[in-house]
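Handing you this structure, nothing more for now.
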Amino acid sequence: MHMPTDKIVPQSDLYSRESTTARTPDENPLPVRVKARDVSVFYGQKQALFDVSIDVPEKSVTAFIGPSGCGKSTFLRCLNRMNDTIEGCRVSGLIALDGSDIYDPSLDPVELRARVGMVFQKPNPFPKSIYENVAYGPRIHGLARSRSDMDAIVESSLQKAGLWSEVKDRLHEAGTGLSGGQQQRLCIARAIAVSPEVILMDEPCSALDPIATARIEELIDELRQNYTIVIVTHSMQQAARVSQRTAFFHLGNLVEEGPTDLIFTSPVEKRTQDYITGRYG
Amino acid sequence: MNTAIVASLLLLMLGFAYQLGWSRSRNMAVSGVKIHSRPAYHASLVAFWALLPALLVLGLWALFGDTATRTYILAQLPTEITSLTAADLEVTIRRIRQIESGFGVVGEAQTYENSAAQALREFRALTFAFVVATAAATGAVGLFLAQRRINPRLRARNEIERIVRVLLIGCSVVAILTTVGIVASLLAEAFRFFTFVSPIDFFFGTVWSPGFSSTGAGASGKYGLLPLLWGTLMVAAIAILVALPIGLMTAIYLTQYATPRVRGIVKPIIELLAGIPTIVYGFFALVTVGPFLAGIGSALGLDIRATSALTAGVVMGVMIIPFISSLSDDVIRQVPLAMRDGSLGLGATQSETIRRVVIPAALPGIVGAFLLAVSRAIGETMIVVLAAGNSPFLRLNPGEPVSTVTVTIVNQLTGDTDFASPQSLVAFALGLTLFVMTLILNVAALFIVRRYREQYD
Amino acid sequence: MAHSFTPPSEQALDGSAERLKRIRAGLGKRHARERRFRALGIAAIAAALGFVAILFSMILYQGLPAFTQANLEVDVHFDPAIVKVAARPVRDAQQSSAEYQRALLDWERKVTMVNWNRVLEQSIKAAAPDFEIDTKSALSIVETSERFRLRDMFVADPGLLGQTVKVKMLASANADNWLKGNIDRSLPDTQQQLSPSARMLSDRFMEDGQMRFAFAWHIFTNSDSRSAPASAGLAGAFIGSLYMMLVVIVLAVPIGVMSAVYLEEFAPKNKFTDFIEVNINNLAAVPSIVFGLLGAAVFINYFRLPLSAPLVGGLVLTLMTLPTIIIATRSALRAVPPSLRQAALGIGASKTQTVFHHVLPVTYPGILTATIIGVAQALGETAPLLLIGMNAFVAQIPGSPLEPSSALPVQIYLWQGNENRNFFEARTSAAIIVLLGLMLMLNAIAIFLRARLERRK
């Protein structure tokens, strides 16, 4: 079955604890894909994140909002262990994907990242052709059995990213030659190509113009059908438009989390209210 | 000429002119007129105009004084002496100068030599006095004219700044003049060489045996470039084979894997290799590496000579390691972190990221570094002089001694040959070949690296 | 309450199960590849560091023993039977200074004619009275220069006649080789440098303590010597290098800095300055030997400057160092924040004042570092100096930059080629240690000064 045979069901009582920040019980809860309990992150001596606990439900968009430097990107990067690449970064607490601890020493971060894909702030296509950009992930993971397999993966990924019609005639031109919005959709196609279960997006539209942004937002909405998506955004409007759940971070704390409409219409915390009404941020 | 006297006179004049300009300007300022420039500028201006003409006079004498003295000596000599061969005449002139300076000469001095020396002594004293006087006079005129110009409206600062600007441009021109000097002297002497040997024989000849100039004037011997070029390329290729993998892997490890602490320790140590003079590498090759390689060769049943293309190439490779590693280091660090993250975020391992994303992204820069390294390898001299064995034959086996373009330049110019003989002049034709080869590599590398930088800026 | 954990729906996972299986299948291989790649990186660094270690330890291993040399302490009897000269002339009242000088010179010449070898031989034999040894063998133990030392002792103090004094004499290079084991002691007589009796006597002196190893100060105080290799030193080469470095500092620093200032601060950005930029970058990568050719053709052959002179060497090295200093100064200037310039211009300073009073002083640490790096590089350069005749053997310490001289790296080149390999291999390594020591010192000074200058800011 889907569960790894050497699956580790965390023994710690952390795992069975309920998230305390989630304020509103859902009427019909979606299954949880990612579960975090008491996650703290330290850069050297400095603590950047304080005891964050949250549940990310399957096949929906969860948005992290908050003023810059609030720790939302840091937390996002914990979810596929991208923080491992930063010197002196230490993570404590528990993060589980489908019930297994992703920081367990026996878990391979390479495998984890194949299951939890990531799209970055600035479009970062590789200096390769469009085709090779999309084929990169399947190729390193050995997902395609044949040339035609690969062609199929590339085509379907570009289709899902809504880029196929624009690039199908120039698949072998450089990916860096596309416009900013196209590049970001290429990066999304690249992430989809390994069929991750979760896609993390770190302010994917911050470098794009409004039209390209609208295009990406539509895409995110479509992708929700098949993927679990976590998006960090500094734009509250964007969070309101694309997400089903929203988490508000401030100074390294997760202040409040819940269904997006509730967070925006009737926040409980004063800080959340101040932020979404534009007092600071 | 007595430089100490001249220098002190110049300093005196400089000080006087500055003082004069300063006090005149100061008086003006005290009298309450609003002046355009501060006194220091007026003073500098006066000093400059006093010094410039004096320096010009002295400069002219430094350039042409020797020729003038020589002409004077010749005029003093009896005709039977002046009709001697150039070499004998040169000896006589040197003898006369020796007698004049009071050091004395070997053997008895001839009467005509003594009288010429006597005349020369008077001539020298007279010209020295004359030159100094002229310098002083022109300086004084300059000073007078300049200080007369001092008035409140004189834009002395602007004038000084223009002078400074001219000086700065003059300094920038030195670099261009160097290139012009290199190209002109190489071309001129190489053309002189090609009057002895046809360029076709030189560039396409396969035999190098230049003979000695003492065995007769003219083009005795064969001047084929190809054996030397072959040796140069073989040594350079071995060097690159050693340096490129080690240098590149070092740069990759230090930029991608090493902790800042390890990097901080290892990088300077490797760069230490770049600061070691090449003569030290040459000696190291000759004394340590050569015998070591020969020992390995005999253990394996291969014939490797102690001084060979292999020895020189390996040691030159060691020399080039820091060159490649620090250039690649710079280049790799310019690859945006986002690109690396993009690959890691897809689940690539670090080495997959490096091989498939980072290195391809940095490739133009690495190619630039590679070209510069090749340029350095083919221009390197002392290692090959000591360790390549100096044997200008077309041989395939890297275990055999070879000769290179640079080695041959040294050999041809350090012997006792006449500068105007083809044996010496060929060094310039070789130098021209070397210069053109490295120029192409350098300029290509510069353009590639520059375009690479612009791409990520 | 909030979501509780429920496993994802079956159907969503069907496709992904197969996918995960494939990813897992490849993981082992991929991680193995990662480890291999990382190991390659470590191997490359180990190789580079290994080269540094081997190079330095070989040089130290070979060179350090050369800093001590065998000295023989014996009683020298200034035997009146051999030293048969009249008393030293005394100046009497009627004598003019010139006449006295002439008489003194005459006496000194007679002293020189004395058979000092005989004095030496007697003292050596007296030190081992029961030992049978022929004259030649006895004399081969001490360096040939020592007989001149006895003469100089006597000239300085004629009262030594008939006296016996203890003198510490330098053992000959061959004796030193034998005692240090630089030559294989088991070689047959025909291949030994000393006769059997000389070898035995040396050993005996060593045993009874008359022969001792002592620090060889003369390496630092003597000039090169061919006839007395054991007394050869680096002083002449050191002074030659010093003159050249002075020329480089005096010329290259101001010209380099000024041209960098012009190019970075004043020059318009157009095709021409672009050309200068390419030109300077290319010059930095032109092989050093090409600068030597420039020196030979322009300075020596065209301007007729003296061969082997440190001045010419300094000029050539200046042209070579210039690009380094220009490039480094430009990047230091580029690093000065534009706000500083705007602030100075804003309070009414002219462009020239802004640059010279405000921008340039900030870059002093950078310029200083570049200067020292350039000078260190020039200090180790050999090839171009060979082409302007600095490889000539010079036994004196040059008194001015125009006198013939050697240079440290060239001295290394000359010594490594000496026929007495046993002795000069160590001596060459010792010279390398001195050269590297100087370069290390220069760099240490640079780091120290830089730290101080930056602290002051």
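Each chain gets a letter, A, B and C, in the order it is written, and its residues are counted from 1.
Operating definition for what follows: contacts are C-beta pairs under 8 Å (C-beta built on N, C-alpha and C of every residue); 3 or more make two chains touch, one makes a residue touch a chain.
Note that the structure is predicted; figures quoted are calculated from it, not measured.
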*If you connect every pair of chains that touch, what shape comes out? Choose line, ring, star, complete or other.*
complete
*Would you mind checking which pair of chains has the most C-beta pairs in contact?*
B-C
_chain B-chain C separation of Cα centroids, rounded to whole Å_ = 20
*Where the centres are mean C-alpha positions, what is the separation of chain A from chain B, in Å?*
59
*Which residues of chain C are in contact with two or more other chains?*
23, 30-31
*Where chain B touches two or more other chains at once, by residue number*: 347, 349, 352
*Which positions in chain A touch two or more other chains at once?*
110-111, 114, 140-141
*Residues of chain A defined as touching chain B within the complex*: 80, 82, 85, 87, 110-114, 117-118, 120-122, 124-128, 136-137, 140-141, 187, 190-191, 194
*Interface residues, chain A side, partner chain C - complex*: 1-4, 18-19, 22, 25-26, 29-33, 35, 55, 57-58, 98-99, 108, 110-111, 114-115, 140-143, 195, 197
*Contact set on chain C toward chain A in their complex*: 1-9, 12-13, 15-17, 19-20, 22-27, 30-31
*What does chain B use to touch chain C in their complex?*
66, 157-158, 161, 164-165, 167-169, 171-176, 178-179, 181-182, 185-186, 188-189, 245-250, 252-254, 257, 266, 269-270, 272-273, 275-284, 286-288, 318, 321-322, 325, 347, 349-352, 354-355, 372, 375-376, 378-382, 385-386, 406, 409-410, 413-414, 419, 427-428, 431, 434-435, 438-439, 442-443, 445-446
*Spell out the residues on chain B that touch chain A in their complex, using ranges where they run on.*
259-260, 336, 338-349, 352, 356-357, 360-361
